[in-house]
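Naming follows writing order (A, B, C and D), and every chain is counted from residue 1.
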Amino acid sequence: MSNEAIFQMGQKALDSQPFSQLIGAKLASYKDGVVELEIPVREELFQQNKFVHGGVLSYAADNALTFAGGSALGPNVLTSEYKINYLQPAIGEKIIARARVISAGKRQAVCQCDVFLVYEGEETLCATALGTIAAISSEKANKEK
Amino acid sequence: MSNEAIFQMGQKALDSQPFSQLIGAKLASYKDGVVELEIPVREELFQQNKFVHGGVLSYAADNALTFAGGSALGPNVLTSEYKINYLQPAIGEKIIARARVISAGKRQAVCQCDVFLVYEGEETLCATALGTIAAISSEKANKEK
Amino acid sequence: MSNEAIFQMGQKALDSQPFSQLIGAKLASYKDGVVELEIPVREELFQQNKFVHGGVLSYAADNALTFAGGSALGPNVLTSEYKINYLQPAIGEKIIARARVISAGKRQAVCQCDVFLVYEGEETLCATALGTIAAISSEKANKEK
Amino acid sequence: MSNEAIFQMGQKALDSQPFSQLIGAKLASYKDGVVELEIPVREELFQQNKFVHGGVLSYAADNALTFAGGSALGPNVLTSEYKINYLQPAIGEKIIARARVISAGKRQAVCQCDVFLVYEGEETLCATALGTIAAISSEKANKEK
């Protein structure tokens, strides 16, 4: 698939996910094997200390990992598992999750994702994640539609 | 702390998290060392196949892990890291995340969480998570307020 | 497969692993879905403070997870990934790793493992792990032989 | 600390670990923030298919992560937890684990490690790991000596 086709595939998936709409996520770019997912920060995404809630960073990492996996495995993929380490309080105007494939076979891909907060133009790495993306058999994927 | 005090501490934290309000999470119970967090399922929490989005299960696991950790470490805690395995498509009317402490020291606790979907009264285990909760020094916690 | 057949399968795998021989691991039991792997503690397994080295606990968890997965998926399996949390300094005469399947499909199983140290007859939970075991296609498994 | 001092600290720790001697690990280098740990491959480190046993890769990742953490936190450190994904069968003459700090505070550091097998001069990435290293209070560290 071309980079453009992969981007379109990811954006279409995002657009059809009500939860991604609720969060306000959009695909920003796909190039050189790196998927970039963006979320504008708004008060509804905060925890009690006015930082972005960890659950939002987890969502961003999880979704970006899935898209990175999809770039290697095709559109019918899901996240099997991932681990996330929170590194810094998440303060800023925008969340950027950047994910890439580390290693891919036919049925699964291991992907890595860094989650940044942009504050006054500066990026801070706030979380890092590592996970496995699995291809769903197309038969099963059709049944699920 | 009494079980009731721990429950109140957790509910108060949830009530002050705008993102938890957006998700619709509430603390259901705290007894015998098990924290139970519930989220009614609604369409806004879906991914493209009308399953609950993995990000919602991650949020539920992350928050329930934090509350379990807080039951051992006190109110000023945060999730340092966790891993989640998705096990089954998340279909049902209600999400229940049950978390408990596996091992706790003074500064951190290792906690475990199972996430269930309730469908017509039957529970299905849809995800399982393992993570580390850290106490924030009260000095730092005050600054963050 | 019968419990006895699963036990034999695991013991045979262990016996054919030079590294497991170097560590001194043996399968102790398989019943009620729980695999039990044992390692007698000796000085060669220590780190600098005369505790059992974390790498030995990791080995024990990894191998016990694989055997648990094999009980559901058959003999041609491998660990895809796992996470381990170290909980307590590992002091004692014997290591026991107990693993079980949490959820299994046809191609992979998610398994959980607790690693204990036995000291004067008392067990202490020293590490806990969560991981994914994958079936290798028998074609590939034959090629690997 | 100078790079040389950090290297000496790590080598000294390795030399005092009987299990690292049993495995045959040595510190190869420390520069630009990257710790490199090497293990010559020998038959004793194999699993049943003549690949290096996953437990050896886990040991390598765990130890390299600890040393990376030690470069930021000082000599009294331990691995709290890590996750490892196995990517390729481990075939070759030498194992190289390369670890670096992603983010460090005063009490803990999040570190990343790639594990390579060298076969006829070519490196293959066989596993990747992500984990948390914690500083032990010097009081506790002294007691443990």
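Basically, a contact is a pair of C-beta atoms (placed from the backbone, for glycine too) under 8 Å apart; a residue touches a chain by one contact, two chains touch by 3 or more.
These numbers come from a predicted model, not from an experiment.
The chain with its CA mean position farthest from that of chain C is A. More C-beta pairs in contact connect the chains of A-B than those of the other pair, out of A-C and A-B. Centre-to-centre spacing of chain A and chain B amounts to 21 Å, using the average Cα coordinate of each chain. Centres computed as Cα averages put chain A at a distance of 29 Å from chain D. Per-chain Cα centroids separate chain A from chain C by 33 Å. Among the residues of chain C, those in touch with two or more other chains are 80-81, 83, 85, 110, 132.
Looking at the complex, you find that chain C touches chain A at residues 80-81, 83, 107-108, 110, 132.
Residues 83, 85, 87-88, 102-103, 110, 112, 125, 128, 130, 132 of chain B are the ones that touch chain C when the two sit in their complex. Interface residues of chain C facing chain D in the complex, by the touch rule stated above, are 13, 16-23, 43-49, 52-56, 58-59, 62-63, 78-86, 89, 144-145.
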